[in-house]
Every structure is written in structure tokens, then in C-alpha cells.
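Each of the next two complexes has subunit A plus one other chain: subunit B in the first, subunit C in the second.
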Partner chain A sequence: MFRHTPLRVAALALLAVAGIGYAFGASYFGLEILTEIAILAILVLALDMVAGFGGMVSLAHGALAGVGAYGYAMLQAQAGVAPPIALLGAIGLTGALAWAIGAVCARSHGIYFIMATLAFGQMAYSYIFETPVFGGDDGLGGISRLDLSVLGLDLMDSRNFALFCLAMVALAYAACAFVLRSGLGRSLSGVHESEQRMRALGLTVWRVKAHVFGLSGMIAGLSGALAAQHIMYVSPGLLSWTVSGEALVVVILGGLGTLVGPLVGAAFFVVLKHEVGAITPYWHLVTGLVLIAVVMSRANGIFGALEAWVGRRRAARQPQPLAKEVPGNA
Partner chain B sequence: MLETRNLDKSFGAIHVTRDVSLKLERGERRVILGPNGAGKTTLFNQLTGEIAPSSGRIILDGADVTALPVAQRARAGLSRSYQKNTLFDGLSVADNLGLAAMVAQGRGMGLGRDGLLHPEVRETVEEVAAQLRLSDHLDARVSEISYGMRRQLEVGVALATRPKVILMDEPTSGVGPEMAKGFHDLLAALPRDLTLLIIEHDIDLAFAVADTITVLNYGEVVFDGLPEAARGSSLLKEIYLGSWEDA
Partner chain C sequence: MTHDAGFWVLQALNALQLSMLLFLLSVGLTVIFGLMHFVNLAHGALYALGAYVAASVAGAWGGFWVGLIVAPIAVAAMGVVLYGGLIRRMRRSGPMAQVLVTFGLIFALLDLTRIIWGDVALASDVPALLEGQVRLLGVDYPAYRLFVIGLGLAVLAVLAFVLGRTQIGAMIRAGVDNDAMAACLGIDVERLFFVVFCVGCALAGLAGAVAAPLLSVTPDMGLQILIPVLIVIVIGGLGSLKGAIAGALIYGVVQTFGAVLAPQLSSVLIYALLALVLVTRPTGLFPAKG
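Now for the complex of A and B:
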């Protein structure tokens, strides 16, 4: 059940200050890393909403982000639609596709749900790869970024684009928090805890799953549309299942079902990739070791471990009342 | 209020319920007795839609609900508690009751304000908690309260949907006799217009709560009548080996 705790609010404030502060002090390379973190953060927020709060571990989210990227590219670069409309169109398209995937997969659970979403993701990858209009293996270029000149912002400037992406992270976070605190989001948490009981209470479970999966897909689509604008080029690799796998690793590293943790995980993952990658091409080994350490420690990721530690300290300071069973007040 | 007509469920050659016909009036409190394997829980699962009957009909408040899925039957006013707790273990007592009330009030699909904080939801949570004497534990997580309280909360979650009929599958399962008696006092204090169908193993407690008693044996109704008549039934004594001689 999603709730803002003081620790989460403090962590969000710290991340915001660090991100904005870094944006104003970083070099071009640093700004590129910051933008990469922001785009990944949006994708993992979307994934955490369904996986962390609904138990729907998706291996389709990389493909959904890819659909958002291709949707933006096709609308803006190929059809000549204005970038803001192309952005909204890409988000809407991805949301609709995600809703359909969620509706179909809603009746499966666990490994079967994972495999079903993987299948959908691979179908999307193959379709994009094999269809000439999408440019095949060569992908599509000529993509423009949004024009925010009315606000005095040139998004071709790396700093402005990084700040814009950070603003989109804040928007995506607010959207996730809004959904998770709504009746729909509370129902999702209930379904995650006991699907059988929620159904017995009168909830049409598949609809809840499909709606939230669709909303999550919209956020993944935003991530993809930003990725397309970032590198101004899209290729089928954006839809690869390994993107979904990396996103899942990031969510687990950060803290599944915390919404704040995946933001931490995104920053940790991208920085690790670039810093360790500068030393050795085997940076994946280091990431793997960190992931194994996190999983074996039974902590819920980096942020989950921090929350557990703070919780233990708080509990240690408070005397615990003894539970007493009496007839009629059992 | 709730009626079954010739309800039959078989798995291959095995009849789990056979030609079960029951009729519960509004506000009636009926206890279902029967040895293990008599088909009591299977009957409940058919009533709620978790298992489809092989034949027969289920009528709820004048409407045939036999073909309706679980959620629609719940929305029609049929709620249940389970023999094994199916609570939301990671959530607080208030959130458990709140989720039930929120869904029942049609706020489980909406975007917008926090469904659990809606005044009507909060009101239901407080009322049900007071009915089941859980008001002092609303903020406690399910994992932090005693087993007896969890059994009460299991019924509370069903109650928070404001149903017309509640099916309770062994609500006092696993609790001690003293606590079970207190629990049944709580059930007796529920509004009289609420129809209760209760599976209960404890004969004494069954007689304390029931307006009527139905006994199942090998999936068949072998007794259906008033508790006073049940006490004198030689067939029931045979089934239960005289276990309620002292009742």
C-alpha cells in the first residue's frame, strides 16, 4: 500500500536537489548521464507501479518504451505531426497497447505472467524489426525535440533537455503516486495481497490490472518518447527484452514497491555502468554481483534496506505493548 | 433471501453436494453442520461462484445468480469469510476494512481522491470495527494482532461490504472455547436483518447462534429444521457419535 513517509519525502527532496544541482554544474558528458538516468527513472517508475504494487512483473516494459519511441518518431518525423501532439499520441498509443496486454495477461500469475509479457514484448520487437516502414535494423532518424521556445527554453541545449527530463521524472512520479493513492491504486494493492479476497468483495480484478497496466504503459511510453528525442534516432534495440530485464534489475536494486527506490536504483545503475564501464568492459559483472548481494541480503533493495533500518531504529525506541487475548475482544 | 434448488456438484463419479435445496429467509441465522468431507465448504464455494455447480440453481434476493461470476454475486449482496484467513496481511486493520468498504461502495476503480479516505468508507470502517470490538486496533498491521482478532477481522472484512447475506466458513476455527463464545456473542449482536449462513463444527456454539440448522452428510441434506428438533434427531447423533449429548 503506497504511502508517503517522512523518509520517502526526504529522499525525494534530496534526489531533486541533487539532480537539479548536478544539472547546473555538470559538463556535457555529465548532462548526458543525467538525462539517461532521468529517462530510465521514468521507465522504472512505470515498472514499479505494476510489479511492486500489483505483483505484475512485466518483461514487456522495454518494448512499451520502444513503442513510445517509435510512436513519437513516426508521428513527428515521418507524419510531420507537431512534437507536442506526437508526444501525446505516442503516450496514448503505448497506453492503449499496454491496456490490451494487461487485459490479456491479467488472468495469469507469476512465471506465466512474466512469460506472457515477454512474448508480447518480443512480438512488438519482431514487428518493428521486420516492417520496412519502421526502418528495419537501420531504425529511423530525423527526430526533433519539443519546441519550448515560448518558455524561453531551447531543448537542443543539453542542460535544458536534462532539466526537462528531470521535470518529466517529477511528473511521472506524481502520476504514479496519484494513481496508487486512488481507489484504483488501493484496489491494486489489495489484489496484490489477496486476489481471491478482492474478487469475493466484488472487484472485477482483471479490469483493475488492465487499467493500471495501461496507465503504467503510458508512463513507459513517455520514457520512450523522451529517449527518441534524446538521441534523435530510434532502432529496434529499444524494444529488446534486455531493456525490460535491465529495468527490472534497477527496480530490484532500488527497492521494489517503494516508488522512491527505483529512482535511486536508476541513478545507481547508470552511474555504475559509466564509471565501471570506463575501467572495464565487464561492468555487467559488477552490476550482477551487486544485484546478487542485494537479493541475498533479503533487503528490499537499497532504499528498502534504508527504510527497514530506519524502521528498526524507530521500533527500538518505542516500548511494544503486549497483545492480550480476552473473550469477546479476541 | 437466499435459495438453492437441487444444487449438485460432482467431480467425476464423486458427488460432493447432491440435490441440495435450502431456503433462507431475510434475517435468518442458519448453521450448517456436518462431518469433515460433508461438502459444506464446497456448497459455500458454489454459492459464491468460486465453483460452478454441475446442476441446480442459486437464487439471491429473487434473482437467479447461478451463472454470475464471484464479483457480481458479491455486488449483489453476497459476502463471505473463509475458513483460512484471506486477509491483506501487509495492511492495517483499518485498511483491510477500508478496502472492503471502498470496493463495495463502488470506489475501487476510480482515479482521484484516496479511496480509503472517503468519509463514507471511514464511517463504515469505524462502525464495523466497533461492532467487532476492533476499534482499538485499527492502526495495527494484521501480522501484529492475535489469531483470534484475525478471525474477527476475517468476518469484519465481509461485514464491511454491507451485504444482504454473509456466509461464514467456520468463523471460530482454531480459537479456544472461551474466545469462540465471545465471538458468537458478537455475531448475535449483528443487525437482525442480516442473513447469516454459518458453517460451524462446535455443536454447542451452533445451537447458541442458530435459528435453523441444516446438516449435510456425504453432500446430502440429512436434516433441515429447528435446533430443538435437531437435538432429538437420532440420525444426527449417529453422524456425530453423540457429541452433543451435553449441548
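Now for the complex of A and C:
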């Protein structure tokens, strides 16, 4: 089950202060990067919820975010729906699609689950790529951002939009933490431990998986709808399976099943991409080598390694073991 | 158009040619998985490497045939390096760690090919011997594509013979079935893994060399082929030769005929089929283990 350890609370506070502080200090380019981090962070929160706590390693999440982006673009720019309703519509649509994918894939495990979600993600990609309504390869433009002038905020200003995205990260994090600590989230942890045991206890396993996958899809949809508002343009590339792969990489770099780690991972990944990308066009090479090093080190990502280190320090100070705390899957 | 027999023959040949290319790639991947439970996503990147080596060798020393021989050897050598450096250590990790490490490898190999060969697509010529068309069953068909079909069938025959009729084949089948038991019976399973991995890599290199004159050689060709190959092995069932053939044929037929008969649906069709297979038979049509 998900717990807020003091270390996690401290890391969250530090991330919040850094994010908000940077939003007020940064130039235009810095704000764009901050927004990119925030949008990626929402997506990897959604992925960590299913992969880290339910063992459902999904390669459909990039496509789900893309569905959210296209859902928002179609509703807002093509159908002329008011932006807030288009946003909710996009989130609802993505959630429903994710629920269906989760329900169908619930029986598959391990590599088959990965492949099945990959297939559904690719199906969405091909459908959007081939259907003329969605603009094909050219994508769709003319998307406007949410209008928050009631609150005195102009989201066309990149600082305001970055702050808005940060607020959305906080909302998504709260939603993930709430779901994981609810009865549903506890059932999911149980299913992750042993499906057979939960079934024997009278739980309908597929329904738990589908529900959590659907909720995760809603958060992925939010990420996509924000991405559509950020660049004000959508293209099929948003749904490419490599986006899902990158999201998985970010979750692993940060620390699977820690919820805080993926936030760290998102910041690390985007900054690495831009910093290395500024020096050499071959930033994929660096990312690939970092990823291999992290996975081979057997540490649970950056944040997981930090948690393990803090845990060891505490154990060294207090010789008698306190409790059976398993840091990785807590 | 669809009532013309020539049309069906032509499309059937196209489907067969695509199937054979996919078969060359998926058979290595599937046997590696069956034997080692190792998911090597970088298989597509090895295929791209094979295509680059073949195109460069053909360009430098002016011979397609030299490239066809050098590419599998070069890619197998790369496989030896990967096995010693990464794969052996990742054997006991879960599928997710393997997927991630090989995903990192894709990134690294993609940029390595870009650093060595640049971003520009390489062109590779069809060998003089196989230029032009051959008249077959009432249609003119490019000789090179027939060669691809023939090569695929030849590899299939050799593999079916080795796996089904020789001692090493029996050892591999025993390893796929139950590696602990096979080890108890005195089979050096580790060495068997190593050999199979290298042969799989060599086949990926061969597929790359064969594909070079058909497709343009670009750094992301490995990424583009990866998804079809994964679909083939998941439909067919991971780990079995029969599954790789069945999956490759199904993919080739659905993709080729889908594209001409129902262009709007063609790309969704294969994914829908994959989803159907996964839902009804979660381990594929011909899983290696009962």
C-alpha cells in the first residue's frame, strides 16, 4: 500500500518549492521546459499507479495521453465546445477507453500484458493516423487554452500556463494518492501480491484492474489534454509507442512504485534531454546508456536508491530491526 | 480488378515475401524467448545494423553477395558482445527489466548507427543476377522478391531440420521445454543459450541484408519493423518455430490483402486481430509449452 513516509513528504515539498520558485524566476525557455516536465510528470504518475502498484506494465499510456489530446482538440477546436467541458470530455473519453483496455487485458500477465497494451496503443495510433477527420499526418491546429480570466489569469502567458500545469500535477498526485489509499487501491496491492489469494477472498480481480486502469487513463488523458493546450496543435506522433516507452523509462529512472520518484524522474529526464540535446544531437545514446546503467544497478531508480540509502542509515543507527518495511513496493 | 486471377497471384506473392522477411526476424527472437525467457526488443536494432553493414559492404567492395555474408557475421559478433556485456547478467531479471534494458539498447544502437552512417538514407542496389522480372503463374514478378521468398523458405527448411532432426535441435527443444531438467541431463544449457542467441542475431543481420535493397536503409528502420515482429511472435505464440511461421504468414496476408481490399481498415485490422488472439488464446496460437 502507498504510504507517505517523511522522506516522501520532504521530497514533495522540495519539488513544489523548486517548481514554483523556478516558475517565477525562469525565462521563456525555462518556462517551456517546466511545462514540459509538468505534463510528462502527470503521465508518469498515471503509469506508476498501474505499473508500480498493480504490476500492469502498460505500453498504451502514451497513446492514452494522445487520445486525451485528440479528444480535447476535436471537442474544442472542431466541435466548438467550451474548453472546460472539452477538457472534462477528453478526460472522460480517455478513462472509458482505458477501462475497456484494462478489462480486456486483465487476464494477461508479464510480457503478454505489455504486448497487449502495446497492441491497443498502436491500434489507437493507426486509427487516428488513417482517419481523415483527425487530419492524418498533418494533425489538427487551432486549439485554444482554458480561459481562466474569471480568476484573473491569462493562460496564454507562459508563466501562468506553467503554474497552471504545476497545479494540475498536484491535483493528479493527490488523485493518485487518494485512489491508492482507498479500498480500491488496497485491493490492487493485494492483486499485485497474489491474484489467487484475492480471488479466494471473493474479489473480482479483473474489475479491480479495469477500474484502476480506467482511473489511470483519466490522468493520462489530462496529461494529453494539457499537452494539446501547451503546443496548441496535435499530431499522431503523440500516440507513438515510443512515447509510452519513454514514460516507462521515466518511471524506472525515478523509482517504480514510489509515486514521488516518477516526478523526480520526469524532471531529470526532460532536463537531461535538453542539456545533452544542446551539446550533441545524439541524446538518445546518453539516455539509453543511463537507462541501462540504472536497470543493471538493480536500484529502484533515483528516488528508490535514496530511500534505500536512508533506510540503511536508519538501520545502522538503531541496531534492532524495527519493522518489516519493504521500501520498494511500499 | 479483384476478379482477375493475376491480381490474387501478385498479392499472394507480396504477402509471402513480407511474411518471409518477418519470419527471418521473428524466428530468432521467438527461439531466444522460448529458450531463455528473454525479451530482446533490440532485435530490430540488430536488423537495422545488418542492413547498414550490408549496404556499406556492397557499396565499398561492390558486391551484394559479400554483404549478404558479412552482415550476419558482423551482427552475430555484435550479439557476442551484447551477450557477454548485458544479456547474461539480465537472464534472471524479470521481463520488465529486460524490456527496459533492451529498450535502452535500442536508443543507444539507434544513435550509434546515426553517428557512424549519418541520417541520410543509404541506397542499396539489387544484385545484377536478380534484376528484372520473372514470369510466374501469369504475372511478372521481380526476381529479387522471389529470391527473398526462396531464402526464407530455405532458412525455414534448415531450421525445421536442425530443430526437429538433429541432436542439437533435440537439446534446444529440451531446453525450451524444461531448462532445469535439461541441465540435469547433462546439457550445457548456458552454452546452448549463447549459441541460439548468436544464431538469432545472425538471422536478424541476414534479414537486414536482404531487406536493404527492398527498403531504404534508415536509422529508424529497426523501430519500424519491431512492432510487426512482436505482433508476429505474439500471435504465433512465443518460443515456437511453428508459431513464428504461422504468425508471419497471418501478418503478411492480413497486411497485404487488407491494404488492397479494405484500405481504411488495413492498419487497424492487424491490431484488432492481435487483440482477439490475446483475449481468446492469451499465449498465442502455437505456444511452445502445453
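As a convention for this text, the second predicted complex is superposed on the first by the 320 of 330 C-alpha atoms of A that agree within 3 Å, B and C clash if a C-alpha of one lies under 4 Å from a C-alpha of the other, contacts with A are read in each partner's own complex, and residues count from 1 in each chain.
Note that in this section a contact is a pair of C-beta atoms (placed from the backbone, for glycine too) under 8 Å apart; a residue touches a chain by one contact, two chains touch by 3 or more.
Not measured: the values here are computed from a predicted model.
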Partner chain(s) touched by A:Thr204 [first = subunit B, second = subunit C, both, neither]: first
Touched partner set for A:Leu118, first subunit B, second subunit C, both or neither: second
Which superposed partner A:Val104 touches (first subunit B, second subunit C, both, neither): second
Contact residues common to both interfaces of subunit A (with subunit B and with subunit C): none
Subunit B partner contacts - residues on subunit A that touch it in the complex: 1, 178-179, 181-187, 189-190, 193-194, 196-205, 207-208, 211, 323, 325-330
Subunit A contact footprint on subunit B (complex, rising order): 48, 50, 70-72, 74-75, 79-80, 82, 86-91, 95, 98-100, 102-104, 107-116, 133, 144-146, 148-149, 151-152, 157, 161, 175, 178-179, 181-183, 185-186
Complex contact set, residues of subunit A against subunit C: 51, 57, 104-105, 107-108, 110-112, 114-116, 118-120, 122-123, 126-127, 129-131, 241-242, 245, 248-249, 252, 281-285, 287-292, 295-296
Touching residues on subunit C, where the partner in the complex is subunit A: 39, 86, 89-90, 93-97, 99-101, 103-112, 114-115, 223, 227, 230-231, 234, 238, 264, 266-268, 271-272, 274-275, 278-279, 282-283
